[in-house]
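Down below are the structures I want you to see.
In what follows, chain A forms one complex with chain B and a second complex with chain C.
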Partner chain A sequence: MEETEKVRTGVQPLTPRIRRRRLNSDSKWGLLMVTPYIIHFIVFVLGSLLASLYFSFSHYDILNAPQWAGLANYKKLFQEPVFWKAMWNTVYFTILFVPLQTVLALILATALNQRLRGLKFFRLAHFVPVISSWTVILYVSDAIFNPRFGMANSFLLKIGLEPQKWLQDERLVIPLLVMIAVWKGIGYIMVIFLAGLQNVPSDVYEAAEIDGAGVFRKFMHITVPLISGTTFLVLILSTISTFQAFEQIYVMTGGALDASSAGGPNKSSLVLMIYLYQEGFTFLRMGYASAIAWVLFVILFILTALQVTLQKKWVHYE
Partner chain B sequence: MKSQYKKWGALLLAITLLSALLISGCSTKGKGGGDVELKLGFYSSAQSDEKMQELIAKFQEKHPNIKIKTESSPYNQFFQKLDTQIAAESAPDVWLSDGVLVPKYAERGVLKDLTEWIQRDLKADDYYGLEFNKDAAGKYWGVPQGIQIAVLYYNKDMFDEAQIEYPTEAWNWDDLKAAAEKLTKDANGKYAIDPSFDKNKISQYGLTFFSITEGWMTVLKSYGGGVLNETLDQSIIDSPENKAALDWIVDGMQRELLPTPSDLKSFQSNMAPFPSKAAAMRIGIYARTIDANAAGLNYDVTLLPKGPEGKRFSPVIANSWVINKKAEGAVGEAAWEWVKFWATEDEVQKEWASLGEAVPVKKSVANSEQFLSGSPANKQAFLDSFEFAGTLDVNAVWSEWVGKFNDSINRAFEGEVSVEQAMKQADQEVQKVLDEFYKK
Partner chain C sequence: MKLNRFRKGVGYAVIIFSSLIMILPFLTTLFNSLKTYAQYTAFPPKWFPSPIQWSNYSEVWKLGAFEQYTINSVIVTVLSVCGALISCSMVAFAFARLRFPFKNTLFMIVLGTMMIPPVVLIIPQFVIFKSLYMLDTLTPLWIIEWLAQPFGIFLMRQAFLMIPKDYEESAKLDGCNPFQIYWKIFLPMCKPTFATLAVFTFMTKWNEILSPAIFLTSKENFTLPIGILSMAGQWSGNEQYMVAAALMSLIPILLVFLFAEKYFVQGTNSSGIK
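Up next is the complex of A and B:
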């Protein structure tokens, strides 16, 4: 009892009696405050979660009652080449996106953490894409990457290179989508990093300066380790968000025109979420789609657990 | 301690139950005596919604005991919501279905079989396309609300500029291609027949088409091929007829006489090249007259070209009223009254036709001056096309096999694989989709 209480609250009790009374009153208030959330969770989250777990073991076309199918959906999933293609596309997207965005956002945040003129403007400018909808971004990127009318191809033609199909090209589609996603998302990550940077005490930098450290060394040996907690948060957040990427890929590679053809040329940008959406809502295989969702959940759970374990090796807490 | 938690647990449970009760309590409807409440669902645009409301008001005048509750949203949202509504048993009693989606619902047992009612109340000869919602077993699942049927659109100005004759009903696909060659123009104003023609900078295509409805299905079928067998559960893709048809298409695309699917992506919409004056001809359904008229094109339409053996094919989509299987008794009867009102009343048909969205279902109205006048001049071509019209091999898994077919065939259209390879792949993938649904 004594031991578990200590772990739960993390506070050393003063004397047993006082502790018990205070804790009870606190937990009562605490529980009362979270009651709306708990109700919401039980009714709208837990219920749906359990339902989708059940559906994943059944044949369910939405229109008729589900029929128990055992492991059939999971078996089919692992034998389906399209699933593995979608898996690879998702992993490929994440491998490109997460490090690129994290490094660029950190550099940007460091640059915008200085005391310079017009700083607010630049911070704002980088945040504008974050709040724009994907549909707006689609039009902007179309102006650049449209194979017939886009700026990118007229530039290539001008310098004597072959025009490209850009988003309609199997090899280019994911790197391009990553580039656009980094451009859109970087402002958000930058703000998180900025918050982290503000917490780094300035006397550390001053001490380093006295010792003769240059900009690069200060960045590598002070900034990077001291904000590793923030970096850790950013890594987990962006990994999860890329595994769940949907809207961008859906609107940019075909879904806006025709739901069954979303996923780019020859399925080269079909990521797991698009695959899930198509199977579940376009082709009415909700059981199969639920199985995809649970596989996705397990992957994300393992990845996050892995990151949490590995953080001991590199994350620095004060 | 333990009892404390129990108390809180009980309280929590009570609140949960109470809120559940409140939510469900709100949705219980009181039932008035004699009156029937009919839930009517339809997809609509701002323009068509207004007309629909007018027609509903007229219906209520005639049937004061039927109270209509409408549920409408734009096309995509409407069908996204519909599936979940059916699952939650809150779907409309009668709704407007895209013609290609009727078998999806019918074969999954969601729709009411209308065969008896249709035979009792409607004279088949009075209508275009009642048979387009008939399944292989002869059952009717819907009554057409408006018909989409395809013809060949051509831009007269572009033909005049190139100094060639307008398309005629005698054309076959090779005649069309010969004309397309003289109508495809590059950015320097050179036509495709010119040796200095630059096919990397097309400013005007001879022909444009897109996907199945306004694309390859017409060519395939008029060449004697097709995608599915008569019972719609076997792929017949891998055939010499289809090979000839696809060769015709791929050749046209490789020479840039018509845009490939990736060329089409550079337009804001797949339907855009013809109304935006980037193509001289198109395969188009009746609804495309709206865009063409709005763009102020000097255009007309004619029958689609014949295949090598003289066969023609015009694809049809019969958007239809369907009735929920759950609508029983008085509600079911009321739903049928609505469908009948729509199909039999000349005034309703005329009012709806005035929107210009679809060919009227009722022959008397479709053949009236009101429908046949206006632009394009040769509207008669739409009616004449019924003679060789057919559906798009629509079945319960239509959108899925179309997706698979496109995935495979588009690679041939882009010149990435040979026609034979693409056909073999499409055949396997489409068969897999069919087997999964029909061979359970």
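Up next is the complex of A and C:
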């Protein structure tokens, strides 16, 4: 029997010994092939996490070896008014940005989720800001919001209102940055929603139509609950990434020209990441900057945990 | 039927209005890049440039720095894309197809590290690259992509899992070792996922600002996004050049997007969000 099988397939049958040998060879290749990730994990994740934690309890200026400082960095951090200002700015930014972008992207996706002509063009139009770097966005928004010669001020004057200083105005800077960020990112979130919407079976809508439900009621009672899984993920991911917002504020409020001046007029747009960047890389207070990073980490961890717990309350899976 | 027409009408209205909001600022910027300085700073602004100053675009190149930034960006982006494709696909193949000790633990770690905010890792990264004498070189910007980032692993693994087992069985019978199976059979079969990962890495790296801002100090090493910003002083009184430079830096990625839109959308939907 064994003999015929061998002849037929041209291989030895899988005796336990051969099976083990094959497994060993698999193991060898498997471990060899995951080596890049193992190095990545040991050096850039585990090692870095531990180093970062250690730095946050030390005074470290890069040039000299870190000196253990106990809780000094954290104590200083919580007594520092600039830290609390940065914290408030970050929270304010996120509270404005995340709901606004999510709601608008969902409305757009619902509008796009039917057989319309020129879909490809519409999608491209919404993706041009997504694929632009913040440097490009800086010049695009400058065309509109330049305090001296921008289109927005020209428009305000025309309808008889005062011209504004826009990004140089302490009160306007965050709402304006949020508006620009929504404008830039909405195409991306829209496509994610579009994928979610395409999973909603169309017969649900048809049934609702027979019952006489209008566009608005269908949206509120079918679309919104049925894609709450997608909405949930969008909310988590955008909250987490918004809390770490750096590039847009660094570029849009002048940090790229002079890092110490980043954060807008009177530090009105100084968010945690900009604060971290300045402390760490401009003033070389790496220990203090690491403490900021760990505070941010803990907040993000709590946010994620909170959202995962809340998810059970309101997300409907099919 | 009537309701359906009404719904389509509303859909068109919303989407055309929103497309205009997306495109008009870019059109305004494009026109700004073709103005003279006097016209660029005129108030109230004129929308359309006259005369159309095409030379703004060629002037940008004459200053030399822009050319250097472009070369730097190309180097970083190309090496990053190659690194991401090779390392992620190799690691993903092992996770999808091979059996080895600690495999499941390691894969849980991959998923877990996707949750770690990059913020906590920046400072140690800076220290590591400093001790390797790689600061103020382009190396830190691309070398990290050669170490298999979790998003790419996840994406490629999904693609490899879809391939029927018969392919590797028959390759094994022909005497291929796992690496050969990966290289000769699995890679060619996953071209669409490859394209997705390539487009994503390209976009991230071409536009990246945080890492270059941290790792680079000499202007001649800057990549385009921070390079253009650093030209501000040099060009005061000629800011229309900077607008032209910024728009030129958008062209490569716009072309990639136009040709690979399908893959871009795929990547968006498989980035763990679904």
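Here is the rule we use: the second predicted complex is superposed on the first by the 280 of 318 C-alpha atoms of A that agree within 3 Å, B and C clash if a C-alpha of one lies under 4 Å from a C-alpha of the other, contacts with A are read in each partner's own complex, and residues count from 1 in each chain.
What we mean here is this: a residue touches a chain if its C-beta (ideal position, glycine included) is under 8 Å from a C-beta of that chain, and two chains touch if they have at least 3 such contacts.
Being a predicted model, the structure only gives us computed values, none of them experimental.
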| item | value |
| --- | --- |
| Clash or fit, chain B versus chain C on superposed chain A | clash |
| Which superposed partner A:Met273 touches (first chain B, second chain C, both, neither) | second |
| Most chain A residues touched (candidates chain B, chain C) | C |
| Partner chain in contact with A:Ile62 - chain B first, chain C second, else both or neither | both |
| First, second, both or neither for A:Leu233, with chain B first and chain C second | second |
| Partner chain(s) touched by A:Ala195 [first = chain B, second = chain C, both, neither] | second |
| Which superposed partner A:Phe149 touches (first chain B, second chain C, both, neither) | both |
| Clash with chain C (superposed arrangement) - responsible stretch of chain B out of 59-67, 77-85 or 185-193 | 77-85 |
| On chain A, positions contacted by chain B and by chain C | 31, 38-39, 43, 62, 148-150, 257, 259, 281 |
| Residues of chain B that touch chain A when the two form their complex | 4, 8, 12, 15-16, 19-20, 80, 83-84, 86-87, 104-105, 108-110, 200, 211, 262-263, 265-266, 269-270, 397, 399-400, 402-403, 406-407, 410-411, 414, 416 |
| List of chain A residues in touch with chain C within their complex | 9-11, 23, 25-34, 36-41, 43-45, 47-49, 51-52, 55, 62, 107-108, 111-112, 114, 116, 120-129, 131-136, 138-144, 148-151, 153-154, 157-158, 183, 187-188, 191-192, 195-196, 209, 215, 230, 233-234, 237, 240, 243-244, 246-247, 250-251, 256-257, 259, 273, 276-277, 280-281, 286, 289-290, 293-294, 296-297, 300, 304 |
| Sites on chain C touched by chain A in the complex | 3, 6-8, 10-12, 14-16, 18-19, 21-23, 25-26, 28-29, 32, 40-45, 47, 87, 90-91, 93-95, 98-101, 103, 106, 109-110, 113, 115-128, 130, 144, 146-149, 153, 173, 177-179, 182, 203, 206-207, 209-210, 213-214, 224-226, 228-230, 232-233, 242-243, 246-247, 249-250, 253-254, 257-258, 261, 264-265, 268-269, 272-274 |
| In the complex, chain A residues that touch chain B | 24, 31, 35, 38-39, 42-43, 61-64, 146-150, 163, 165, 167-168, 257-261, 265-267, 278, 281-284 |
